[in-house]
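After this come two complexes, each holding subunit A, first together with subunit B and then together with subunit C.
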Partner chain A sequence: MDTLLQQLINGLTLGAVYALVALGYTMVYGIIGLINFAHGEVVMIGTMVAFTVIVALAGSGLPPLLVLSIGLAVAVVVCMALGWSLERVAYRPLRGAPRLTPLITAIGMSMVLQNVAMIIWGRNYITFPPMITKHIYSVGGATFTNVQVAIVSLAALVMMALIYLVHRTRIGMAMRATAQNPHVASLMGVDINRVIAMAFVIGSALGAVAGCMVGSYYEIAHYQMGFMLGLKAFTAAVLGGIGNLAGAMAGGLLLGVIEALGAGYIGQLTGDFLGSHYQDIFAFIVLIIVLMFRPSGLFGEREGDRA
Partner chain B sequence: MLEVTGLRVSYGGIQAVRGITFHVNEGEMVALIGANGAGKSSTLRALARLLTPAGGSVRYRGKELVSLPPHRLVGEGIALVPEGRGVFPRMSSLENLRMGAYARNDKPAIQHDLEHVLQLFPRLKERAQQTAGTLSGGEQQMLAIGRALMSKPKLMLLDEPSMGLAPIMVQKIFEVIRKVASEGMTILLVEQNAKLALEVSQRGYVMESGEITVTDESHKLLADPKVRAAYLGE
Partner chain C sequence: MNGSRKKSLPWQRHWLGVLLVGAVLLAVPFVAALGGQAWVRIANFAILYVFLALGLNIVVGYAGLLDLGYVAFYAVGAYVYALLASPHFGVHLPFWVILPLGAAIACLFGMLLGAPTLKLRGDYLAIVTLGFGEIIRIFLNNLNAPINVTNGAQGITLIDPIEIGDFSFAATSTILGVEISGPQKYYFLLVALAILVIIVNVRLQDSRIGRAWQAIREDEVAAKACGINTRNIKLLAFAMGASFGGVAGGVFSAMQGFVSPESFSLMESITILAMVVLGGMGHIPGVILGAVLLTALPEVLRYGIEPLQDAVFGRMIIDPESLRMLIFGLALVLVMRFRPAGLWPSPQRRRELAESSD
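Coming up: the complex of A and B.
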C-alpha cells in the first residue's frame, strides 16, 4: 500500500514535467503538423543554462530562491530565443515541402543541438549545486519533498496560464483559428507566420521550465538527457491525442503515473527478473499500445473534426 | 473599385486561369459564372492572396494587391467567403463571428455589428454556443457570411454560397445577400447556379476553361440563347 501511494506521488511529479514538455510538442503539431523532434534538446539546453547561471551565482551571497529564479528566468529567455530561431532558420524555409522533409530536419536539429551542448558543457554529468535545503514530509507511509511540491505547483500554475492564454486572449484565439484552418485564419487578418513563431516560443518557454524542474529533481544534467525526456513527452502527447492541449496535460500526468507504478511493481510482476531501472520500457509499451489501438489518443478528435 | 488585368493562376504546369480581365464598380454586385473547373475559385483565391498569381495585376481602390500578404487584405476592406465555408469547426458560432472581427479594435462597434449579424441570421443566434463543426451546411454558410460581415468589409467575394444547400436555405441566404447589397456592399459573386447569380447581380462574366468568354449586363446574359443553353439547362 505504501508503495502505491509513494509511486503515485513520484509519478505525479514526473508526470507534471512530461506534461509541460508534451505541450511543446502538441502546440507545434496542432498548428503546423510537425513533430519537432528537437524539442527535447531545447529542454536540455534549458537545464544546462539554468545550471550554469545557478552555479555562477551560487557564491554571490544572493538568497537561494532568488538565484534559482534568475536561473529559471534566464533559461526561459534563452529557450524562447532558441525556439524562435529553430522555426525561423530550420522549419520556415520548408513550409510547403513534403511532410517528411521538416521531420528529418527536426531530427537533424536535435543532433546539432546535442553536439553544440556537448561542446559547451562537455561530455560529463553536471551536478546541481546544493542550493535547496530539502525538507521531507511523510503521509501514510509515503514521503515527498518540498522540491516535488514546488514542481507540481509550478507546473499547475504554468498550465493554467497557458489555458488562459489560449482561450481568453487575442493571440490564443489566433492560435486556435490557425490550428483549425490556417488559410481562413489569414483571411481574418491573422499573421500565420507570427502565430507559428509564437507556438515555438511558448512551447520552448514551457520546455525551459520543465528543464529546470528535472534538473532540480534529479540534481544532474547531461547533454543527452533531452533525448529520452523528449521521447517520453512525445509519447505523452500521443497518448493524450497529439494536437490537443488538454490531452498533452492529461497524457503527461498519466504517463508519469504509469511509469512510476511500473517501476514500483516491475520486480513483483516479473519475480525480480527485471528491476526498477527498466522503468523506461513502460513509456514505449504505452506508445505502441496507443499507436496500435487508438492512434488519435485518449482526447484526440476523430480525423473529420480536424480542419 | 476592383480592377483585374491579365490575371493568371497556375498549379504546377496546369494553367487554371489564363489571363482574365474584369472589374467591379463600387456598390455593384457582379456575378462570375462557369462550369466546374472553369477557374472561378482560383480567381477568388488569387484575389484574396491565398495563392500567388502567376501574372497580372489586381488593383483595388488604386492599390496593387498582388504584393500584399494575405492577412493584410482584411484591413483593406476585402472579405472572402470561401468555397466550402471554411468555418472554424471547433469554435462556437459566436467565436467564429468574433474571429471575423479579429483585425478590428473598435470594441463597441464590433458588439453593434455582432447584433446586426445575429439579426440578419436569427438562426445563428439560436446556435450561438454550438460548435461550428456540428452546424448544418446551411447554418455554416450563414456563419461564414456573418463572419465575413464582422470584418466590416467594403468588398465581399462570395464563392458558391448556394453549394450543396436545399432550395429553401439557398433562398434564405440569397435574401440576406440581396439585403447586404442593397445597403451598399460591393459584391463579387461566384456561382454555378447561374440563374440565381444573374438574377441578383447587375453584371456578369462567363468563365470557361480559365478564360472569360462573355460579359454583359446580367439580365441580357439571362436572355442570351447561348448562355441559356450552356448554363441555364435549356
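Coming up: the complex of A and C.
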C-alpha cells in the first residue's frame, strides 16, 4: 500500500512539472498549429539561468527564499525574452509556409539552443546549491518533502493564474478567438501577431517555472535535459488533446502518475522480466492506447474530417 | 495506358545527363579515396541516407503521413542482420537470406505500427510514430536481461560482411587490374540499391497507388469519396517505407560490422526527416540533394572548423563539436526561412503549396 501512495506522490510532483511544460506546447499549438520542438530547450535554459543566478547569490547572505525567488524571476524573464525572439526570428517569417517547414525550423532551433547552452554552461552536470533545508513528512508509510509540496502548490497557483488570464482578460479572449479562427479574429480587431507572440511568451514563462521546479527537485541540470522533458510534456499535451489547456494539465498529471506507478510496479507485474529502466516506455504505450480509442486525445474535441 | 501518348522514360529523354551522372558516380569512390578511406565511408553514408530518405519520402512525401519514428524500421533491419550473421547467437546466414528477411520483418513492424494508428491525423500520428521509435530503441537497449537478445547498450559486434562465395565486401581485392577496397565495394553495392529505390520511387509516383497517395495527402475525405481504400493504401505506404528502412538497416549492419541502440536515436529519425523536407518533399532529386547535403555538411564542418578556428583565433575558443551542431541547426533554420518548400521542390508541389497556404 505504501508503494502505491509513494508512487502517487512522486508521480503527482513530476506530473505537475509535465503539465506546466505541456501548457507551453499546447498554447502555441492551439493558436498556430505548430509543434514547438524548441520548447524543451527553453525549459532547460530556464533551469540553467536559475542555477547560475542562485549560485551567484548563494554567498551573498540574502535569505534563501529571496535568492530562490530572484533566481526564478530572472529565469522567467530570460525565457520570456527567448520565447518572444524565437517566435519573431524563426517562426513568424514562416507563417503560411508548408506545414512541415516550421517543424524543421523548430528542430533546428532546438539544436541551436542546446549547443549554445553547452558552450555557455559546459558539458558537465551542474549541481544545485543546497539552499533549502529539506523537511521530510511521512503519511501512511509514504514520505514527501517540502520541495514536493512547494512544486505542486506553485504549479497549481500558476495554472489557476493562466486559466484566469485566458478566460477572464481581454488578451485571453483574443487568444481564444485567434485559436478558433485567426482570420475572423483579425477582422474583429485582434492583433494576431501580438496574440501569437503572447502565446510564446506565456508558454516560455511557464516553461521557466517548470525548469526551476525540475532543477530543485532533482538538484542537477544538464544541457540535454530539455529534450526528454520536452518529449514527455509534448506526449502529455497530446494525451490530453493538444490545443486544450485543461487537457494539457490533466495529461501532464496523468502521465506523471502513470510513469511513477509503472516504474514502481513493472517488476511485480512481469515477474521481474522487465525492470524499472522500462519506465520511459509507459508514457508512449499509454499514449498509443489512448489515441487508439480517442484519436483526438482525452479532452480534445472530436475534430470534423477536414484535410 | 497504351494509347498514342506514349511517355518516354526519363533515362530515354536525358541520356546524356544519365551518362554524366553515371560517370560521376563511378569516379566518386576513387576520387574520395585520395583523401583516405574515411571519405569513401562518408560517401557510402551519403548514399545510405539517400536510400533511407527516399524510403521515408514514400511515407511523408507521397502519402503525407508524418513519421517521426522511421529509424525504428532501420533499427529492425539492422538488428535482424546483426543477430542472424554474427557470433552473438552463432548464426551465420548468407546476406541474400537476411536482407529480404529484414525487409519483411521491418515491413511487418510497419504494419504493426500503421494498423492501430491510421485513423490518427497529422500531428497525433507524428507523436505516436515518435513514441514507437522510442519504444523500439528502449527495448534494444534493455533486452539483454534476463535473456540476452540484443546485448543491450554494448551492441553487437563482429557482424559478417556481405559475401558472395569467396568474394567478400570487406576485403580489398583486384578486379580487372583495379584495386578496390572494402568501402569502395560497398559504395557500388549501395549505388545499385539506391538506383533500385529511385526506380521504385519514380515508378510509384505516377502509378495508381502513387496517385492514390497523393489524393490522400491532399484531401483524405475526398480520396475516400473517390473510392480509394484509404486504410489499405496508407498501410501500404507505411509497409513500403518500412521495408526500405529494413534493407538499409541490413546493409548498415554489414558495412559497419557493429550495431548498437545509439545509432537509432530519435535524432536520427529527425535527421532523415530533415533531409526529406529540406531537399523538397515528394520530389526525388530534391530528396537526394537533401540527403547528400545533410550527410556531407557535418563532415565538412568536422574537418573545417578546427583548422578555421585555429587560423582565426590561434586556439580553440569554442568546442568544435558543439559549434558543428550549432551550425547544422542554423543551416536548417536558414534554409527553411529562405526556401520554405525545400531546396529543390517539385514544380507541381510548389504550385499546390502556394495555393493551399492560408
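Throughout what follows, the second predicted complex is superposed on the first by the 300 of 307 C-alpha atoms of A that agree within 3 Å, B and C clash if a C-alpha of one lies under 4 Å from a C-alpha of the other, contacts with A are read in each partner's own complex, and residues count from 1 in each chain.
Heads up, the rule we're going with is that a contact is a pair of C-beta atoms (placed from the backbone, for glycine too) under 8 Å apart; a residue touches a chain by one contact, two chains touch by 3 or more.
Computed from a predicted structure; not experimentally measured.
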Worksheet item: If subunit A is used to align the two complexes, do subunit B and subunit C fit next to each other or clash?
Response: fit
Response to the item:
With subunit A at the vertex, the Cα centres of subunit B and subunit C span an angle in degrees (to nearest 10) of 90
Worksheet item: Of the two partner chains, subunit B (first) and subunit C (second), which one does A:Val238 touch, if any: first, second, both, or neither?
Response: second
Worksheet item: Who does A:Arg170 touch here: subunit B (first), subunit C (second), both, or neither?
Response: first
Discussion item. Quick one: is A:Gly189 in contact with subunit B, with subunit C, with both, or with neither? Answer first, second, both or neither.
Written reply: first
Worksheet item: Does the superposition put A:Asn181 against subunit B (first), subunit C (second), both, or neither?
Response: first
Worksheet item: Regarding the shared-chain residue A:Val77, is it in contact with subunit B (first), subunit C (second), both, or neither?
Response: neither
Worksheet item: Who does A:Ala156 touch here: subunit B (first), subunit C (second), both, or neither?
Response: neither
Discussion item. Looking only at contacts as defined up top, I'd like to know whether subunit B or subunit C touches more of subunit A.
Written reply: C
Fill in: Closest approach of subunit C to subunit B (Cα atoms, Å)
6
Worksheet, complete the sentence: So the subunit A residues that subunit B and subunit C both touch are 183, 305-307
Worksheet, complete the sentence: So, in the complex, the side of subunit A touching subunit C is made of residues 29, 33, 35, 90, 93-94, 96-105, 107-112, 114-116, 118-119, 123, 183, 231, 234-235, 238, 242, 272-275, 277-278, 280-281, 283-285, 287-288, 291-292, 295-297, 303, 305-307
Practice prompt. Spell out the part of subunit B that touches subunit A in their complex, as residue ranges.
Written response: 48, 50, 69-75, 79-80, 82, 86-91, 95, 98-100, 102-103, 133, 147, 151
Worksheet item: Can you list the subunit A residues touching subunit B in their complex?
Response: 170, 173-174, 176-177, 180-181, 183-192, 301, 305-307
Worksheet item: subunit A touches which residues of subunit C in the complex?
Response: 60, 66, 116-117, 119-124, 126-128, 130-132, 134-135, 138-139, 141-142, 145-146, 218-222, 266, 270, 273-274, 277-278, 281, 318-319, 322-323, 325-326, 328-333, 336-337, 340-341, 353, 357-358
